[in-house]
Amino acid sequence: MSATRYTYLGPEGTFTEAALRKLPESATRELIPMVSVPAALDAVRAGEAEAALVPIENSVEGGITTTLDELISGEPLQIYREVLLEISFALLVRPGTTLADIKTVTAHPAAQPQVRNWLAAHLPEAVWESSASNADGARLVQEGRFDAAFAGEFAAATYGLEPLVTDIHDAENAQTRFVLAGRPARPAAPTGADKTSVVIWLGEDHPGALLELLQEFAVRGVNLMLIQSRPTGAGIGNYCFAVDAEGHIDDRRVGEALMGLKRICPQVRFLGSYPRAGVSRADVRPLRQGTSDAEFVAASDWLRQCRDGRP
Amino acid sequence: MSATRYTYLGPEGTFTEAALRKLPESATRELIPMVSVPAALDAVRAGEAEAALVPIENSVEGGITTTLDELISGEPLQIYREVLLEISFALLVRPGTTLADIKTVTAHPAAQPQVRNWLAAHLPEAVWESSASNADGARLVQEGRFDAAFAGEFAAATYGLEPLVTDIHDAENAQTRFVLAGRPARPAAPTGADKTSVVIWLGEDHPGALLELLQEFAVRGVNLMLIQSRPTGAGIGNYCFAVDAEGHIDDRRVGEALMGLKRICPQVRFLGSYPRAGVSRADVRPLRQGTSDAEFVAASDWLRQCRDGRP
Amino acid sequence: MSATRYTYLGPEGTFTEAALRKLPESATRELIPMVSVPAALDAVRAGEAEAALVPIENSVEGGITTTLDELISGEPLQIYREVLLEISFALLVRPGTTLADIKTVTAHPAAQPQVRNWLAAHLPEAVWESSASNADGARLVQEGRFDAAFAGEFAAATYGLEPLVTDIHDAENAQTRFVLAGRPARPAAPTGADKTSVVIWLGEDHPGALLELLQEFAVRGVNLMLIQSRPTGAGIGNYCFAVDAEGHIDDRRVGEALMGLKRICPQVRFLGSYPRAGVSRADVRPLRQGTSDAEFVAASDWLRQCRDGRP
Amino acid sequence: MSATRYTYLGPEGTFTEAALRKLPESATRELIPMVSVPAALDAVRAGEAEAALVPIENSVEGGITTTLDELISGEPLQIYREVLLEISFALLVRPGTTLADIKTVTAHPAAQPQVRNWLAAHLPEAVWESSASNADGARLVQEGRFDAAFAGEFAAATYGLEPLVTDIHDAENAQTRFVLAGRPARPAAPTGADKTSVVIWLGEDHPGALLELLQEFAVRGVNLMLIQSRPTGAGIGNYCFAVDAEGHIDDRRVGEALMGLKRICPQVRFLGSYPRAGVSRADVRPLRQGTSDAEFVAASDWLRQCRDGRP
């Protein structure tokens, strides 16, 4: 029964699995590793899974374009949750291996920028070879192909390895953001600390279009958290923008901004409104004066009175 | 019965009366001249007249502040019509008077900038003395106090005078705009060539407030036709703004802009939506893409679908 | 010798004279009352006076359009100083007159809104007749034509009258702002609490022009203190704007904003940079980050290095 | 002698080499293939090469983040030229191979989105395996490891292969943009069809910062062609922006915009002004009124006159 399955970017032992296990409901779902982000999402589109957890942004490498492009095109999907995970690596080895024994190391290429300095300092002679995923690298160590793999510490047990060194991360605050995507449905109710994701296509080439897009948000006091350009495929110089904004589509200010975008842009794709990971209502920046739901309702009442001749 | 009376800025024979007679319904109303703009408007507030016609703007002298200030403060009134009148003067004299006979001339001080050059060229020796209104000046000529008066040619008959010279106007395109103000009621339906007047108070002294105000209009594609600052009476540096915008309060784009103002400004007074004088639907600048009622409705439908999980 | 004469809006005993005497240098100038604002300014244009003090703005009535229009058109003049004067009236009578004796009162029409409530409360039966100036009203009381005149208390001595009641002002904080205008010359050096006045004509009718004008100031962090529309004389709907901005033309941010206006507007008239009345350097709002002269110089140095290939 | 060498993203036979050969001066340079973008650029930084040609943007996949991040951080480099190359693939095989013989295909992973549909239609059974570069794939076909490789047709000769099918490209208009980067020096003189690249860091988290950044360009009439966010490495939610703008740093409007950015942003890195590939002066959008160098000079003259008292 599909409603009880979540897919994720596998294999087992990746950071994505670790992120998925941070969601309480994962305990009651069947968790299915998939070979790629498109595969994880297509299973949801096909109705074979309820939702998929995929990485979308990395504080070192930036937006994960495969995921963005999958959400931008194809059958619409909607984001329901986000998960933030601190990324730090362990050096996994077969039991008994010491640092001095390590001649070859492996990991997914994305790990390289986060372990490069550590490697240069501690294993300057080791030869690096990339693997298809960090978990796959661990498996290859298990099989004896490499001496050590960089991976999440949680992957050690799965592959019968030992963490020789832990907490390796060249950049402080290295984080990856994951999203849980499902088929479109009514978003969860606002929590007061929400985020709304949309993709916006700009119209025929006119230079001020991006400025106008931002003003639709600004004039309603909706703060932007992320704006990421992606090619539309129509040639160099043609972009769409993936935007994360503070607030929930049910908030009046957000709704009015989205309608403004819908009117001036040839296409807008709603990607979901969902709670912000790691942010509670108390942490949210106060609303700009005049942008609360109560103020929207009061202004709407006033307008109706003016229209009716009772100002 | 008050509903059949219109007051106007008198006395008889003023340009205001001429403007009022351009309104077809004036033929079926009792037209009551009043001694001042406040008196004309207070008769409406008191229920003694249905509406009052008063001058509000002059292409030579600018906004007529007495009228603006009356509409800005006091019991609310609403504008239902505007009238544009080309202003050109006749030199009115007692029958038989020739240019050579004229030693003294009179008119309301507001007439002076529009006849100054003519006077200098044709009657350089004549002594000017101001009168309380142009019509009053004509009366004083009738009584023999002055030799000639500048007034509308239509005033000649009322005071038994003759127009010795007509079509005197130093400035080309000299026009005065008049408004017909009544007690608040539902505005007339949109004609497609409408104007909306509001008064907007800015909030606590912050430098960008005027820019924000204009952006509320601009982001919804609502063009401004006039913006006039008036002191609030709270000391030098405190202003409110009388604004005329294209469109009707029933237009979605205008309604949304007004709600935006209502939310960010401490006070907004709606002064009416009414047909633009001398402008037909065909003359109106085309709407900016994305600002028609149909586009607002479509965006609103789309938003509802997104909120309901049916994007 | 003209350089030692200041003209002002007379006659003697007006608020303008009182304002002029607040300027220390007035003690060493010959002060010449003139019959009108144009007359006072034309004497400067003609080289018959060094400068003229004229009222330009009133916290109750707003901009004084005669003065604005004189500065906007004709031979250019430049503002070198401003003076703020609290406006409060005395009721001036011939010695021995009591309140009960007063049947007729007079003053300039501009005084009326500031004494109307007081009159209604204390002399409800008195008949009001306007005079050409407050000082003129005082003279007419001296001559016995009226029983009492509203004027500045300082006018009593000039006309042999007594202040029967003082400190009459319906509105709190009633102030008038005066400017000292001379022929164009290098402005006084910046004091750190300066104001710059310009007149700006908008180009061919395009709706966003006013917004663009304001953005030229905003993007350089220059705050506006006053914006006043005036008709250009080219017919209803054609305006220019008199603008007062914080800062001095020698400030880089102000200079760059003015150049921006000069480029996008068909005409800009510089009306002067001068110290703000009643405001010291310590009272001035702090500059927005990035808009100080030092930051302009640093950015300019950086640009030169980039252009020279030494970033 | 280093000044005669250009490095590029190798190996021989890549699209980068094809792009490099479009530059006329490549005929007189020693062209050195490097194993990676960082290696190509570091050779320039180390003075071992005069310049490096590297891909920066792809119409299908978007910005090439490795290149962007290399230009954003590390020792400054500057862009002197850009090259646009239409991307279309040939299927390279050993002489004699037919479609029916092909069981395995290879290419760089970036090729996959551009040949996926073709593969599904013509070789649905073939097994795909990624190679380190398209040229490397061709080499592996030469060595017999795979049956066919997708690569540029020009790579066939280098590896003794034949193009079995040519002009394969799933997306129309697939292009890659390359830049030629060298050590900082004075940019080439403006051609009238130029582009300026900068990286801009936003200041402390404030929501309107991106809007302000865009307004610095907009108010000077400088059009943006590309804006690409990149993580700063300081954690999720911290971005810098790589921006391509129309115009040359020697253009006054561009210079003023850059200075504005320099003042309000904590860091700005100038990446170069260079001729736009494939665009001649006649193709360039006309400048907005008021933004030409001549208009900047005229406004500057006017400002100087105002400051000197000769308006």
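Each chain carries a letter (A, B, C and D) given by its place in the written order, and its residues are counted from 1.
Note that in this section contacts are C-beta pairs under 8 Å (C-beta built on N, C-alpha and C of every residue); 3 or more make two chains touch, one makes a residue touch a chain.
Worth saying up front: this structure is predicted, and the values here are computed from it rather than measured.
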Practice item. Enter the minimum step count from chain B to chain C; a value of 1 means the two chains touch. Key: 1
Practice item. For copies chain A and chain B, work out whether under half or over half of the interface numbers are shared, and give different or same accordingly. Key: same
Review point. Hey, how far is the Cα centre of chain B from the one of chain D, in Å?
Key: 59
Check your understanding: Counting in whole Å, what is the centre-to-centre distance of chain A and chain B, each centre being its mean C-alpha position?
Key -> 57
Practice item. Starting from the mean Cα coordinates of chain A and chain D, work out the distance between those two points in Å. Key: 26
Exercise for review: Would you please write down the residue numbers of chain B that are in contact with two or more other chains?
Suggested key: 215
Study note, to complete from the structure: Touching pairs here come out as A-B, A-D, B-C, C-D
**Study point:** Residues of chain B touching chain A in the complex
**Key:** 76, 78, 184-187, 203, 215-216, 219-220, 249-250, 255-256, 258-260, 262-264, 268-270, 289-291, 295-296, 298-300, 302-303, 306-311
**Study point:** Complex contacts: residues of chain A adjacent to chain D
**Key:** 57-63, 65, 84, 171-173, 175, 177, 207-208, 210-211, 214-215, 218, 223-231, 233-239, 246, 285
